[in-house]
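Please go over the structures that come below.
Both complexes shown next keep subunit A, but they swap its partner, so subunit B is in the first and subunit C is in the second.
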Partner chain A sequence: MNIEKGKISGQQLLFLIAGFVHGSALLIDFTVGITEHQTWMVILAGLIITVPVILSYVVLAKRFPEMNLVQINDMVYGRFLGKVISIYYIFFFLMTLSFNIRDVGELYITFLMQDTPFIFFLIVFTATVSYAVAKGIEVLARVSHLFVVTGLFAIISTFILLIDQMDFSNFLPLFELPFIKIFQGIHIVSAIPFGETVVFLMIMGCLNNTEHAVKKTFLGLMIGVVSLLIVAIRNTAVLGGIQTIWTSTSFQSIRLINIGTVLTRMDFLIGIAQTILIFLKCSIFFYVSVTAISQLFGLKSYLPLVLPLAGIEVIVAATVFQSPVDHATITQNAGIIYSVPLIFIFPPLSLLIAKIRGLPKPERGKGT
Partner chain B sequence: MIKKNSFLIIKLIICFSMCISLSGCSGAREINDLEIVIGMGVDKDKDTGDILLTAQVVKKDAAVGGAGNGGGGGGDGKSFWNVSSNGKSIFDAVRQITHKTGNRLFISHNQVVIFGNDIAEEGLQEYIDFFLRAHEMRPTTMILIAEKKASEVLDAKPETEKYPAMNIAKLVETSGFTSHFFEVNMKDFASCMMSGTTASLAPSVSIVQEKDNKDIYVAGMVVFKNGKMVGKMNHDEVRGLLWVLGKVKSGVIIVPSPNKQGKAILEIVKAKSKVKPEMKDGRIVMNISIKEESSLSEQTTTENLATDKALEKLQEASAEVIRQEIMAAFNKSRELKADIFGFGEMIHKKYHKEWKTIEDKWDEIYQTIELKIEVDSKIIKTDLLKKPVSPIKKEK
Partner chain C sequence: MILLLLIYAYILIANVPGLIKRKEWKELIVFSIFYVIAFGLGIMYVLGIPVPSPMKGLQHLIVDILGIEYPQG
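Now for the complex of A and B:
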């Protein structure tokens, strides 16, 4: 049995994915330090590489209707191996969740509230995320529209306000960086904003209608990609060669807004948008983690897991990295490596095995 | 039912207690505790080698009191307080100021940062970091270079404005009327320093003695190469630079009238520029084309200049003036060996493969660059007069 009884519509999936991808806009900074003014093409290249992989997620979800990732793994790889792979996935979900919670804390401590203790943000944020997760996926799916619209509003309005400061010659020369750097950038982009959509394998089982799942997924992905592109283009056009030195490129470009000395200090805009969208992202990750764990152990409900896991997540987030420098180094170099099999290998492999073995077998019914 | 109600009450109590406890007082900074800084000056203490930081702090009483000077027995009637402190670095000095102010400085509203001449000669590289890194600093803060000491500039009390720093900011903002200098903020300055070949510039500010009053005078730009001051550019040279960058907003061009008896004074209305670098067998040619529109604002001759023939000659003459200004700027930059135009970056963007080979020798190559200047100057209006004020000769 699938642990989640709630149902979401295709439209809601679209906005969940859009908000999820867009929620990584702040993480583009990991790439900017490496790919400089070519970030926009790295985003596009990353998209092209991940499109077939994401397609395999959707096809897999369609092949196993009303099942989540843990159930699929059990069915495809057998009881034992399936469980091992599921644990690997759960580890990935929990770690990524703690990194994202830490991102919020770092955002606040660096730019918005300097003197407040770091742990305070983690606790408040995680408490809110836990509350949202306890309410279930349906609630999250319903508010995702609002979140995506808010995020897009912030991005587009800042883009327009900065148009007079943009210098599009900053994108030249088009191909300058060595290939290895571009490759690393593509890897980061394809793993972090796009590849992480593998979590939706846990959610797509809740779809009430899988008919248009492919279309909706890619539409959502497109909204996310376009917002990432707007962010990358805005930052490069405004800051140019200096964009690599800042802790947060987006924040810095928005601090430059100065329209008639009246419209200044718009930092709050991106603060609001980022908080909301990372909240959506973290909620999805947290929801996926608790449902995966309770599915793994055959619990009847995931609710008892929410608070203990939230506590663990806060502690992990507070201690996992020493500083933003540590965070960036590990994410750029190690973080994207361990997630490779989960994102790029297992889902397509599952699909292949399912095709060969003719899974799911109709006579065995649903569930394990 | 009762159980449900009591649960609701507990929830409400928790919510309200959270409102009180979560709003928090740790790190609270009330407005009357803030030392609002509107300008900063950085000098070097020659004896000890320390930084001498001067911060211009708003006096809250004077600011609230409005026009009345010296409210509450303020003594000299100043509405600002220039507080200074020594330090091993800028941040050190900012913190050491708390010995005098009793509060941390609140720098978010800082308008200008003025560096003293000593610092500029030594190089801004090691001093600019704090102004970009500190979260209270804005990247839009203006940079200026004092001719002598920054603290003296901040001391000169303006006549109409209350605060010297605000006055300087206002002076810089009006640079568009002459295009004799331009506003440079922290971000612009830092981007030039990042590029490696492009020289950074910052407007120069000095004090002129007028009878018994000291006036602030902003004019000309200081040129920095790799963060170190290498020279100064005068009015015409700066405008020559601005023509090429396409940043001329307005200004005055003076040309002799066609019959050489007087002058015609033109005001620039609009200017655009296009720069195309060209590399031909190792030689670099910069094709600069400038489109300028101006109006006839004044004339000092009795000859009627509002005729097609006269205007054409004026246009030619003004194009020549623009060309001379550009060449003056270019010659100056060659003399200083500083790429103020950013030609290096332009070539980097267009010929990035060749750029790798010439990047290291850029200083020598810069001397051999050729400029091809095309100026299209137009006079689009003659303002309120169509004939000069002179006795009209009746045609027979």
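Now for the complex of A and C:
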């Protein structure tokens, strides 16, 4: 029995995925430090590599309708191994959620409200996310298009306002960086914004109609990718070689907007857009974590776990890294390496095993 | 510290009576496990006791023990 009773439409899935990928715009700074002016290429290469993997997620979800990832793991790998893999996934969801909550705290403490205690942002933000999660996936899905439109407005408007300061020679020379740096950049991009869409395997079971799931998923992904590309192109064109020295290239480039000394200090726009989009991303991660844990234990409802889990996430987010530099260093290595099996191996493997074993079998189609 | 106790008292009051009333014992047990972990972590944070970071352990396992790492610089 699936823990979630709510249903979402294909259109809502599209906006959830678009907002989810777009919510990682701040995180491409992890890549910028490595791939510099070639970040836009790395985003495109990462997309090309991840497309078949994401396709496997959707095909898997279509093959096991109305089932979530924990149920699929139980059915494909058996009850014991399935549970071990599900625990690995839950660890990944919880860790990624804590990183994203921390990102919001770091964003505010570095750029917007330097004198406020760090833990305050984490508590307020996590409490808001918990409230959204307690309302269920349907409510989140219904408002997701507003988040995406707000994010796109901020990105497109700042791009237009910065056009006069762009220097497109900043993209030259092409193919200058060593292969290993490009490879690491592609790995970061394919793991962080794109590969994290594996969380939707917990949500696609709520789709009321899986007929157009592939089309909707890729349309959502494309909106997210275009927004990431606009951000990468804008930052490189405006900042050029100095973009690698800033902790947030987006904020730094937006601060340069100066239209007749009237339109200045537009960084609040990015602050608002990023907060809204990371809120959507964190809500999806929180929802997925709490439903996966509830499904694992065979609970009737996930609601009792929301507040205790929020308490755990606040403390983990506050203590998991010592500084933004520590955050970047670990994410660029262990952070993207440990998630490789979860993103690139298990879903296609599950699909292969399901095809060979002819799963799901109608008479055994109940799961946990 | 007082704020932490108030928050966790609220979490207890908001969840436990309903779970007992509906006789959802499994939910109550899982809730209690997560509640104790969350409260323990909260107490550690407030008292300034270092909370072990799972990512530090993972970094040690992947980089130092398994030797999988991207070259720096």
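In this text, the second predicted complex is superposed on the first by the 366 of 368 C-alpha atoms of A that agree within 3 Å, B and C clash if a C-alpha of one lies under 4 Å from a C-alpha of the other, contacts with A are read in each partner's own complex, and residues count from 1 in each chain.
The definition used in the following text is that a contact is a pair of C-beta atoms (placed from the backbone, for glycine too) under 8 Å apart; a residue touches a chain by one contact, two chains touch by 3 or more.
Computed from a predicted structure; not experimentally measured.
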Partner chain in contact with A:T39 - subunit B first, subunit C second, else both or neither: neither
Which superposed partner A:Q71 touches (first subunit B, second subunit C, both, neither): neither
Per-residue contact with subunit A, leading partner among subunit C and subunit B: C
Which of subunit B and subunit C A:T264 touches, first, second, both or neither: first
Partner chain(s) touched by A:I330 [first = subunit B, second = subunit C, both, neither]: second
Subunit B versus subunit C as contact partner of A:T291, first or second or both or neither: neither
Which of subunit B and subunit C A:N235 touches, first, second, both or neither: neither
Intersection of the subunit A residues that touch subunit B with those that touch subunit C: none
Interface residues, subunit B side, partner subunit A - complex: 22, 24, 26-27, 132, 135, 138-140, 187, 190-191, 194-195, 348-350, 352
Residue numbers on subunit A that touch subunit C, as the complex places them: 91, 95, 119, 180, 184, 293-294, 297-301, 304-305, 307-312, 315-316, 318-321, 330, 332-335, 337-338
In the complex, subunit C residues that touch subunit A: 7-8, 11, 14-15, 19, 24, 26-28, 30-31, 34-35, 37-39, 41-42, 44-45, 50-51, 53-56, 58-59, 61-63, 68-71
Complex contact set, residues of subunit A against subunit B: 110-111, 113-116, 124, 169, 172-173, 176, 239-242, 245, 252, 255-256, 258, 264-265
